[in-house]
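Alright, structures below, take your time with them.
Two complexes, one shared chain (chain A), two partners (chain B, chain C).
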Partner chain A sequence: MALPVALRDTVSPPELELIASEQLIEIVPLIAMERTAFISGAYGPLRPPAKSKVPIWMAMNLKLKRKCHIVAPEWLNVEFLQERLTQETTRTEFSQLPFRFSEIAKLLLDIASDDIQNPDKIRYLLKDIREARQAKSRDGLQKIDHSELSLPNLCSMEINEIRPFFVKAMGVLTHLTRESTADNAARFENF
Partner chain B sequence: MDDDYYSIDAILAENQKIQCTFKVDIPDMGHLDGGKDRDIKKNSKIQLPLWIAYILIYSDFADFTIPTPFNARVRNALNAEAKSVRLSGLVGAGGLWPRRLDDAPAKEMSDILTKTFRSRLVEVIDQAQHFAALGPSGGGGQSGDMALTFREGLDGTERELFSLAQDSAKKTKQWYESTERGRR
Partner chain C sequence: MPDFDAEPETPLQQLIRHWMNERHAPDILPWQGEVLDGLLNHINRQSTTVNLLRGDPDSSEDEHFRIVLAQTEIERVKFVVRSYIRTRLYKIEKYARYVARTPQIQERLSQAELQHAQTFAKLTEDHFSVSVLQALPEHQRSLEDASPFTPPMITEPDKSRAVFVHALNDCPAVRLPDGTTLEIKKGYIVLTPYAVVEELLAFGSVELV
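Presenting the complex of A and B:
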């Protein structure tokens, strides 16, 4: 009960970013390093100019020290995102994107934008995709009822954004919807 | 709700009074009605808080009248256009969507409330996100009279939802705009 209300029923965006940072990404190291053990596992060895897979947090750290180039994941380019945007605007369901795409894309565009081709265009595309998807989850809100809501392909950041009030709204609807007579009888027994 | 036990709102909601008509004489309980008479007479009408009303109604000692927020006039208005009814005026700004409707002519009431809640919900969330996007300095002014009237008419539960949606939209927006460059 000591936690502030906002943290009780959901995690914060920076926490999601932290979780996403555990995923592996390809880098081209500029320094050599032996295979090294970290708490989350052993990574390396780094032998320039051979590519290597390391977690995103490590790639970001090296990048900020100018010790590696980052290889953008295959979904982070203009063609792929353009196609997804078209899908997003023409169909009613959510298009398929990596579950943590917004966290990863934001990190990469923020820190390693010089390793990505056409970062500004990608930023615009991601923003458009996000807005198209928000409009869809708003439609989902209209269909909400007390027991279930199905929005396939919703991504972690989007789920996180709508979770607090969807949960609350469904809770209220549960109270408003009439319980079956069996439940009433049970409650009566308790009195 | 899961946190009902700790919820001040649930406790306050239980404190709202409804009018009950007693079906039997009850001796020595006149103080419930302010203490004029010693006994409660059959057919006397008394305002009782919800928490005690449950037991009386279940035990068949009393009947209750449907409270004003649920009378026919309001129900018709809700049926016509849920968004234009000022709920806060009906149940008081601290009032809440009634939490328990186990008994009573519950089916119809539950249907209307569910419908009302659902049709207002979208508008509540839309406005909350709109205000989150404006940031701390914005708001007011150009948003239009309709929106303002609607916002003033929100009841307690809708206000909670409004602030939940606003907070989470604000936090997400902050995160999208934050940058890690130069922090490490």
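Presenting the complex of A and C:
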């Protein structure tokens, strides 16, 4: 019953989605509900057509039953992403995006694409942003050493993607450094 | 990015943070008994309410979908609880023999976990002894040889393994393996060996992502 082998060294994307969908999002409910206490907090009351904030998992559950419209977060639109893409391609550092943007964007585009304006264009932009950022994280690999690598603005899904390789790379460098200092120490003793 | 100044973490958010820390850390972290007990109680209370409402024949359709939502959430929380415990179980079995002879690490385990680790360590040792070691010459039977140039016979957590750290607060400077120091500011993300941030993590200033 211990952890499955595939999950021992890293986290799976569905698990990251589970964590991301604890975040709150605005919905326009189509049904009424009294304020209800859940484990993560109390939500509601839902009174159509007043907007209300609920966790993403709840919004998705309601959306699948056609009981609400989801209000896209302020960063999930063409203008914002276009601007980030420009930053991403003209500057060397990572642009600022919400830490779990990629999980949330995927969930919303999969389930509520009719509540989002221009979903196809957004998908293209997200893909371009992802590629531009991937290229940067690969460049970051050149700067890796055995003690530290700063990765400002890197996002959750991107970290997960580079994790196996980067952790291994740092491990190898740690070994090499340790061995060479041990070597030097030995040489000094013989001297 | 969740802003930790704005609102205190809910128990579920705490558990999710500890769950992720446990998943990424090479070492076994302190058992979060209090958080877990609180959540398990909450799950129980919520399940009882759901069952009561479900048994009520007068419940309207409106009532019905609230029940479905509550059940969905219960399952989500249960998943996190299970995964947290299974992660620890994996590490405890992997390092069982190390746990059995290291008092410092025993303090971080729950009573049930410690018992399991000790039984598991004993079972493994007995098994080795019965299946192979008995048949070897006396001086080769030890399970604790520390000869140079061979890996140790007791698996220990590799604290030099790198982890991705996300700073929740501004952190005091920490010493890196190359001798320099590093100051991790709030919101920074750094890849560094676990040993560097071990204390910051215990203090709750950083989380592993």
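Here, the second predicted complex is superposed on the first by the 171 of 191 C-alpha atoms of A that agree within 3 Å, B and C clash if a C-alpha of one lies under 4 Å from a C-alpha of the other, contacts with A are read in each partner's own complex, and residues count from 1 in each chain.
The rule is short, and it goes like this: a residue touches a chain if its C-beta (ideal position, glycine included) is under 8 Å from a C-beta of that chain, and two chains touch if they have at least 3 such contacts.
All of these numbers come straight from a predicted model, not from anything done at the bench.
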{"item": "First (chain B), second (chain C), both or neither touched by A:Asn61", "value": "both"}
{"item": "Touching partner for A:Met170 - first (chain B), second (chain C), both, neither", "value": "second"}
{"item": "Touching partner for A:Pro14 - first (chain B), second (chain C), both, neither", "value": "first"}
{"item": "Touched partner set for A:Met157, first chain B, second chain C, both or neither", "value": "first"}
{"item": "First, second, both or neither for A:Leu141, with chain B first and chain C second", "value": "first"}
{"item": "Which superposed partner A:Glu22 touches (first chain B, second chain C, both, neither)", "value": "second"}
{"item": "Which superposed partner A:Ile111 touches (first chain B, second chain C, both, neither)", "value": "first"}
{"item": "Partner chain in contact with A:Thr89 - chain B first, chain C second, else both or neither", "value": "neither"}
{"item": "Intersection of the chain A residues that touch chain B with those that touch chain C", "value": "1, 61, 144-146, 163, 171, 177"}
{"item": "Interfacial residue positions of chain A with respect to chain B in the complex", "value": "1, 6, 10, 12-14, 17, 60-61, 64, 106-107, 110-111, 138, 141-142, 144-146, 157, 160-165, 168-169, 171-173, 175-179, 183-184, 187-188, 191"}
{"item": "Residue numbers on chain B that touch chain A, as the complex places them", "value": "1-2, 6, 54-55, 58-59, 97, 99-103, 106-107, 110, 113-114, 117-118, 121-122, 125-126, 128, 157, 160-161, 164-165, 167-169, 171-172, 174-176, 179-181, 184"}
{"item": "Parts of chain C lying in touch with chain A, wherever the complex brings them together", "value": "1-2, 10, 12-13, 16, 20, 23-24, 39, 42-43, 46, 62, 65-66, 68-70, 72-74, 76-77, 79-80, 83, 86-87, 89-90, 93, 160-164, 176-178, 180, 182, 188-193, 196, 209"}
{"item": "Of all residues in chain A, those that touch chain C in their complex", "value": "1-3, 7-8, 11, 15, 18-19, 22-23, 31-34, 36, 38-41, 57-58, 61, 65, 67, 98-99, 144-154, 156, 159, 163, 166-167, 170-171, 174, 177"}
